[in-house]
Structure formats: structure tokens, C-alpha cells
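Both complexes shown next keep chain A, but they swap its partner, so chain B is in the first and chain C is in the second.
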Partner chain A sequence: MNTRKAGLAPRVLILLLMVYLLVPLLATGLYAFAQDWQNSLLPRAWTFDWFIQMFQDLRFMEALWTSLYLCLISVVVSLVVMLPAVFVITMYFPRWESLMKGIVVLPYAVPGVVAAVGLIRTYSSGPLNIAGTSYLLVGAYFVVILPYMYQGIRNSLLTVSAAELLQAAELLGARRRQAFMNVILPNIWPGVMVSALLSFSVLFGEFVLTNMLVGGHIQTIQIYLYKRVGESGHLASAIAISYFVFILVLSMVLMKLGKKMGGVRG
Partner chain B sequence: MKQNRRGGVILALIPFVLMVLAFQLVPVLSMVSNSFHSGDGKGITFGNYVHAMQSAYYMQAIKNSLFISIASSVAGIAIGLVCAYCITRFTPAVRDRVLMVSNMTSNFAGVPLAFAYIILLGNNGIFTLLFKDWGWDVFAGFNLYSWTGLALVYVYFQVPLSLLLLYPSFYGIREQWREAAALLGAGRWQFWKTIGLPMLAPAIFGTMGILFANAMGAYATAYALVGGNYNLLAVRIGSLVAGNVVTQPEMGSTLAVLLALTTLLAVYLNHVMVRRSGRFVARAADKPQPKASVVRRLRPRAREELGQ
Partner chain C sequence: MNDYLKLQGVRKLFGDACVLDNVDLEIREGELVTLLGPSGCGKSTLLRCIAGLTELDGGSIMLAQKDVTRQPPRDREVGMVFQSYALFPNLTVGQNVEYGMKMRGMSKAAQRTRSEELLALVDLEEKRDVYPQSLSGGQQQRIALARSLAVQPKVLLLDEPLSALDAKIRKNLRTEIREIQKRLGMTTLFVTHDQEEALIVSDRVCVMKGGRIIQDDSPEGLYTAPRTEFVARFMGSYNVFTRPEALKLFGRVDSSADSFALRPEAITLLKAGEAAAAEEEGRILLDASIHSVSMLGNIIRCTAEASGIRLTVDVLNDGSWLRLREQDQVTLVLDPAQLRHLEREGA
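Here is the complex of A and B:
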């Protein structure tokens, strides 16, 4: 379809869409800086108090820290497990790829609530009683980011023509482990980083599994926000907007990284 | 020799297989088998399913969930279609900017989104008070914590997703077809009715499947907005299996299996439809490629809400 100059109707409609999408965001942002906002179109007085309060709140800092390290550990575990596995499947067992895709697509189709029921069933009794611990949560997170990691690693492998690289390395006398660590890994690293960051931002916004599996024991940033919503609206919007800005920065970094890789198809 | 090589590398698969078994397959199987257990622990029974069907309470949860999912998906598709058509009329630069904004707002889901709507339209929301002040009573009957409110918030997170999934298929409709149709005397409306929409149908139904599954599984938004006050399937399951104390495990498993069946079906519909539209798009060879970086960034994002 050729791009012609947009008429009036498309302009108005897209403008409406933008307003519709951005008003809740803007309102949360304004609310976070408002001293008092009632019965007026815009707040009457502005303040940074809510942000200062937020950073002075020990529970917030703890929740932020918990979120950061839980997400980081899960992504690292996923990298350690997935990198060799996807490499081996793509290089040596291409016939298993369809099975792999089936496994990997399951987290898309099964909602978090359902996954949580299964995990609670399996781990709240019996020999492996790890209910309510971060071990269970890391396991659950591993499954959540499975699709992103698999897709990212696999695409990176295909993009750098890993099969040829491997052959060349082995021809030059490298052993398989050596070839993987010294030749394949450095080459696919940028692409892998993109999917790792994406997985991180997905986990950072995770609420269902966290709340159902460890809600009473471990407070991530999302759980903390949920508990704060009922208490102080201004403080909660300060948290919400900081969270959003953090995710936004993360996506910008992702975009930049993606662009840097130029012609690489992700 | 080849066999030997394979024997060694298979070791690298062991951690992966263990993790997937432990945290994905075993839990799902355990849940399915649990849904066939009777409360007192012995034998296989369909009793739980019969009970779910006969209980007015659970049926209401299922009906509410289905209804709000269908309604919000249809609304999302309608808005998404119109907007996707509109953005094809802009220059690529403007289009990419619109897509960026809609991608950005798709991060805004779950608890923060519910919270934003509470600020705007809740009992003491800015607009609620403002409208009261100005004496607009159009919104007097509106209650954010009811079905209409919930549907409004659901539509909000469906629209960006729908737009991102639908707009590429508009590039499959070629200008020549429109010209040919116009030469043969078809009006604009007739073109869309007989050529445009049928061509888009696979994409529409496929996206519908994703949106439906997305809404059926949505838990965070509903939980943060209405808590236990509105009877939805996802929230009901959550409260049956609250925390790590299993209160009514069989019933929770049964409802969870029912929920998973609907979302699996919807995602399967999407799969079939994508394959069908893929066949057609492949033929429209001169389809302009949107910026690779944008596409790469959007694709994984677009499906993320499913996890919510």
C-alpha cells in the first residue's frame, strides 16, 4: 500500500488513540508530583515529597533489591541452562526442534494462575517441600522466560552461522567445549544479551506467580506496589512511575542494542 | 563416530530437561491428575468437573470471564483495526513513532495500570470528582469496580496488543487491488467488504485468539482493581489456592484445567490462522518491510501479556 498524505480522519483517530493510551500514564506521573489534586484539571501545588518518602522507605529499598536479585539470578540460571541446551539442539539434533518449540510455547498458552496452581500442588508437600521459597520462584521464573531465551539464543546461533563456525574451529583443532566457549559464545553474545535484558524486564513486571507462590514471604517491587496502593495514592504513583521509567530505560537500551547489531535479524 | 559425538553432547541437555520437567511438565500433569481426584483422596472421578458445572458460583465466574474476554477482545480488535488502517496512511517515521508509543504503553499493565485507573476514575478519582464538580451526570452511574470499569481497563491493555499484531497484515493488501476494484466500479466500502476484510480475516481471528487468551488469563489487573469483589475465573482460582496453603486443591485444579483449556484453544486458533495468513502474505512479495529494529523489539513484547 502506498503511503499517501494522511487525511483528516486518520489524523484525528490516531490523535485520539494517543490521548487514550497516554492519559493514564500522564495522570499517574502528575499525581506523583502533586501536593494536592482535587477538583481541578491540574494539580495546584507541586512537590518532590513522595519521591523522597519513597527512597526513605526501607521496605521499598528492600523490595527493589529483592526484585533485582531474583530477576538477575533467574536470568543467569536460564542462561547457564539454555545456552548449551539450545546450542546442542540446534547443532546436533535439529529433528528435536519441533518438540522443543512445543515445550517452549507452552508458557505462552498457559496463564500464570494455572502454572501457579500446578507448582503449588507439586511443591507444597512431599519430599520437595519448597513452597514459599525463592527456589520455587526462580524455577517458575525460568519457565516464564523460556520462550524469550530460546528464541533469542536460537536466532543468534542461526545468524552467525554457528554450524560453519564450529566446523572451522574443529578443523583448526579446537575441542568441542573449547570451540563453544571461545568461538561460538563471543559471537552470539550481543544477541543473547538482548534476550536476557528482555527476559529481565518481563520478570521485573511479574505479579501473578510471585503473589501466588511467595506473596506472603517475599516482597518484590510489584507486591510492594500492590500493598501500597490502598495506603497512599501519591506515594503509590511515585513508585508506579519510577517503575515505569526504569522499564522504559531498559527498553531503550534494548532498542539501542538491537540497532547496533545492524542487519542482524532477531 | 557420529554416534559417539552425540553421546557426549547429550550431557549438555540434562539440566534443561530437569528444569523443564520439574517446573513445567510435572506441575501441569500433577494439576491435571489432581482435578480428577475426589475430595477424600481415592479413585478417579469426574466429580469435580460435575461440581464445577453445577455450582452456580463457579459457573458465574466462568461466564463472567468468558463474557469480559470476548467483549474486550472484540472492542480491542475493532479499535485496533481502525487504528492499524490509519497508521498505514502515515509516513513510516510517524508510523514507527505511533507504534513505539503503543509498545511503550503495553508495558503499563497489571497492578500499575489498575492503579492509574483508580487515580483517574475511582471513587475519589480526578475525573470522577471533576465531573461531579462540573455537574456532568453522564458518568454518575459509572463504577470502576464493576463490570463496566473492569471492561474499560481490559480494553486498555488489549488495544496496543491488537494494533501491534494487526498492522503488518494491512501491508498485504496491495494498492493494485484497490485500483482494479475501483476500475470495476467498486466503491470504497464495497472494496473493504468484499476484498479487504476477507483478506484480513485470518489475521483478525488469529489476533482475536491471542487477545482472548490474554484476557482470560489476566489476573493482576483484576486482582488489583476489584480484589475478590467481582467473580472472575482467574481470581477465583487464585483464592482457592491462596498463598502456599492449599485450601481446596481439587477444585482449584479443576477450574485451572478449564481455564487452561480455553486459552490453549484460543492460542491454537491463532496458530492455525497465522499459518493461513502466512501463506497469503508470502505471495504478496513486495510487501514493504517495516524497520527491522522496530519489528524485532515488538514481536516478543506483543505476546508478553499472555503471562500476566
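Here is the complex of A and C:
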């Protein structure tokens, strides 16, 4: 390896950035384990009570489970719809691409509050009365992660030059579906996995839209956290730390998975 | 006629632009024909039309007495090698070569035998179980060649297969491709923009420009007798003269052509003193001064200026011209019989 050593300035900068990012997390972590922390620099006594309380709280486990499966369903639905859709658009209708790019960034342009109000208005009456249900939430989640999924899948297709791979497979006698399954999919899988993971994390941390859409009916982990913050700071810290560790583990697992699929074989 | 692959009036439009303009082309069985032309002349599009990857706007394609114009790529029995190799990164070299046979439902044992045979043909037997990414560009392209040959296509299409490789590997691989093609008697259509490559590998070369084949000839014919100015310029170092220039150099020309071409090796260079000895019937002697000299190895290429016209002259590097310098005074011997009278473009 002939990488040049970084100079002093960049290193200091990175250090400062790390401090800036990690100090709040560290403080939250300390607070989650602190029993008594009033007027001293560090807590006087340590305890696991907050974590035990948290895991004994049925509502917490329920909220965690709700969040998990709602996010998972949304990501899976998005994968099932977007994979073939993006594939067809990039391969056969490249002229629609500019239009799609525009549509796909719309979720960024519409603020969560506006989107929520619009959705509630539209779906609280008429033939599709699904306001406050998880169907509406999954639908909204689908839209929220649209940009990540579209860009992720599209970029994966372009990096592996999917068009040529597909043509090569077709000339060798494969049907399009076969070619998609055994040539395109295994090659774009790692990239698709990464955007699915990103989407999942975004949804898992989503609060504004969720709270407005289904706040009174469904408790996701974020809504639960929001409700408990006022009661006990220690407990809220414990939840935040568990949440962080959970996402960290999830990311690592999925990254490994993606690497394995990309590196060894499909 | 024994035309194995026959294109008739092939037309292709991209929007308003006519990319292929009534192309007719016949290829005999076992022949290697090259489509040669600058980028954008339609040569790759023509290849993709034959493969079925691009739909025609007119005309027909017959392959082995069968009309394949409307058939999907997988039913056409054509093999194709891409400039970017297009190997499947998720499959090993062996699996890549076997892919086509697997899709056609051949038995495992037959697949294995055939892929071993082909890997031996391209001299890469020991790479069977590695992934394509770990191979060099030249090796990857040989695997791609083996993969396309595995299903015994009726015609092999090579789309600039050597353009992504560096010069030395390119030279080796082009001879290798030609040898394999001859050994298998494979009917092949080769696309390139490199005239040297085209002349070396082909039985026949079709020069394309603006969606049409403007000259279809043997490599020797193409090089010695370019028909238009475009072909003459494309073949490399040809001297191309306008009518006034030709009149100035040769005194008179016996045709109404507007432009003329003269090969650089058809001009003889004499040292200023030797001129008289070389006087032959019909030859024209011109005083000239050397403008620049470049050493190409076995030949020395110089530009000389005579009567205000600059000419490229190739002389064999046999040792007698080692002292050739810029500004040297020399005599050029021109043979009017060697002057090519070029047709007008589009005629």
C-alpha cells in the first residue's frame, strides 16, 4: 500500500468531527447507566435498572415489534415493486428516465407535515377510508423510501452494465426472465441490499409523518420514545442507546450479507 | 449464390437520423468480413441488427437460408463478443462458458466436455474455476470468445473486441482470433475502426460511412485501389491531391476526376545527384526539399515539398537513407500509372 499519511490539519479536523458526533451519544450512554447524577462531573452510582425497566415494559417490546414489521413490510413491498419497475425503465425506456428522476425526488420536496395532512384528508373519507391504519402508514413509508430505492437500484444496474449482460445472456439463449434471475439479480444484489438497509434505517427513525398519520392508533418505537421522554430521562436514554445498538448490529449484519453475496457468488 | 448471411436493404432510423441507409451485404460461409469505419458510421448498429438487439426499420436478414428478421436474439443462433467483454461477474469462467449450453438444456457432462474443449482452444484451461474479474482484459476477451462459440453459432459477431486492450495484447489476440476463426471455419463479422486491424484479419473489408457501405473489397484491393477520397484518407498515409494539385505535379491527367490519391511507397526518392540515371519512360521527376523525417522501423516516412505541394514518401530503411535530414534537396520520381483517380463522394 502506498497511501500517503494524512497531514496534521485533516487529522485534527476528523478528530473534532468525531468528538462532535460521539459526545452526545456518550452522554446519553452515561445517563442510561447512571443512578444518581446531579451535581458531579460523573454519575455517583451506576445501574442497569433503566434497561431492566425498559425490557420489562410490555409496551416497549410491542412498539419495537410494530416498528420492525411495519418497516420490514414497507421495504419488502418496495423491493418487489421497484426492482422490476426500475429494471424495465432503465433497460427498455431510458427516455422516461428524466421524468422518473423528477418524480422520485418529490418526497423530498413535500414536508412531512404537508404530506401527512394531505394523506389524512384523502384517505379519511370516500371509498378508501384507511386513515389511522397501518395500510396508510405502509403506503406513506413506500413513498418516503422511493428516492433511496430508485437511485440505489438504478445505480447498481448501471455499475454492472446490466444492459450488456442482459444482451449477452439473451444471445446465449436465455429468456429475459431467466437472464434477469441468474445474471442481473445476483450482480446488483449487494447494491440493492445497501439501499434496502438505508431505507429501513430511515423508516425506523421516522417520527413526524408517523406521529401525524397514526399517532393515536399505532405505537412505533419513535412514538413510544417521544411519550416516555417526559417521564424519565434515564429510561429515554436507555431506549435511545438500545435503539442505536440495534441499528448498528443490523447495519453490520446486512453489510456482511451484501459483501458475501457480491464477493463469492450469486 | 452461396450466401450464408444475406442483408437486403437494411434501414435503421434513430429519430430523424438515418443510421443505416439501405445496406446490402452478403457473406459466404466461413468468411471473415470486417466492417470498417469511423465512429458513428453505423457499423456497430448493423452488427446489433444482425444479432437482433436492435430492430430494423426496413429490409431483411437471411441467415443460412432462413429469414431471421423478426426473430428474437435467442433464436437466431448468433454469437457475439462485446468490446467490454460482458462476462457474468457472478459466475466462474467455466460457468460463463457453459451458460449458453445450460440455457439450451444440454446435459451436464456434455457441457463439461465442450467447455473444456473451448477453454483449451483459447488456452485458458487452468482458469476454469476463477472469477472473470481476476483475469486480465485479454484473458477476459478470450473467455468471452469461448463463451460465444460454445453454442456453435451460425455466425460470430465481434463488436470492436480489441479496442479496450493495450497495443501488444491487441496484436496477439487479433492473430489468435483469426487462427481460431479459420480453424473452425466460422462465418464472422468483425467491427473495427482500426484500418490496420481490418487489413490484417479479414477476407473482405467493407468500409462504411454515413450508414452505407461505400467500398466492399479484399484487403489488398482496398489498400491498393481506394475508390473515393474518404477511403483513401481512411486507409492512412495516402497522398490525396485536388485536381489542380495533380495537374501541377503530373502535367496532365487522363480523366475528369476531382481528386487523386498516391501511395507514399509508390514515390521513389533520389538523392539530388542521382536523378539522371533513373530516367525511365513516362516517369516524372520533381525537385523537392525534405520537410520532416520520422523513423518507423523498417521504413522511413518523410514529407517532401515539391512545387508548393507536400507529399508523404515512404522509403525502405535499408541503410542508404540514414543521413536524410530536414531541408535536404532530393528528387522525387512519380509514376503516373500509380496515380489513383478517385470517384466523387456519394457516386
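Observations
Here is the rule we use: the second predicted complex is superposed on the first by the 224 of 266 C-alpha atoms of A that agree within 3 Å, B and C clash if a C-alpha of one lies under 4 Å from a C-alpha of the other, contacts with A are read in each partner's own complex, and residues count from 1 in each chain.
Methods note: contacts are C-beta pairs under 8 Å (C-beta built on N, C-alpha and C of every residue); 3 or more make two chains touch, one makes a residue touch a chain.
These numbers come from a predicted model, not from an experiment.
In the superposition on chain A, no contact is made by A:231 with either chain B or chain C.
In the superposition on chain A, A:142 makes contact with chain B only, while chain C stays out of contact range. Residue contacts after overlaying the shared chain place A:7 against chain B, while chain C stays out of touching range. Put chain B and chain C next to each other and count what each touches on chain A; the higher total goes to B. In the superposition on chain A, A:171 makes contact with chain C only, while chain B stays out of contact range.
Residues common to the contacts of chain A with chain B and with chain C across the two structures: 265-266. Chain B makes touch with chain A in their complex at residues 5-6, 8-10, 12-13, 15-16, 19-20, 22-28, 30-31, 34, 79, 82-83, 85-92, 94, 98, 101-105, 107-120, 124, 126, 129-130, 133, 156, 159-160, 163, 170-171, 173-175, 213, 216-220, 223-224, 234, 237-238, 241-246, 249, 252-253, 256-257, 259-260, 263-264, 267-268, 292-293, 296-297, 300-301, 303-304, 306-308.
Contacts from chain A toward chain B in the complex involve residues 1-4, 6-7, 9-10, 13-14, 17-18, 20-25, 27-28, 31, 37-41, 80-82, 84-85, 87-89, 91-93, 103, 105-124, 131-132, 139-140, 142-144, 146-148, 151, 176, 195, 198, 201-202, 205-208, 211-216, 222, 225-226, 229, 233, 236-237, 240, 243-244, 247-248, 251, 254-255, 258-259, 263, 265-266. The touching residues of chain C, counted against chain A in their complex, run 51-53, 72-74, 76, 78-80, 82, 84, 86-92, 99-100, 103-104, 147-148, 151.
Partner chain C is touched in their complex by these residues of chain A: 160-161, 164-165, 167-175, 178, 183, 186-187, 265-266.
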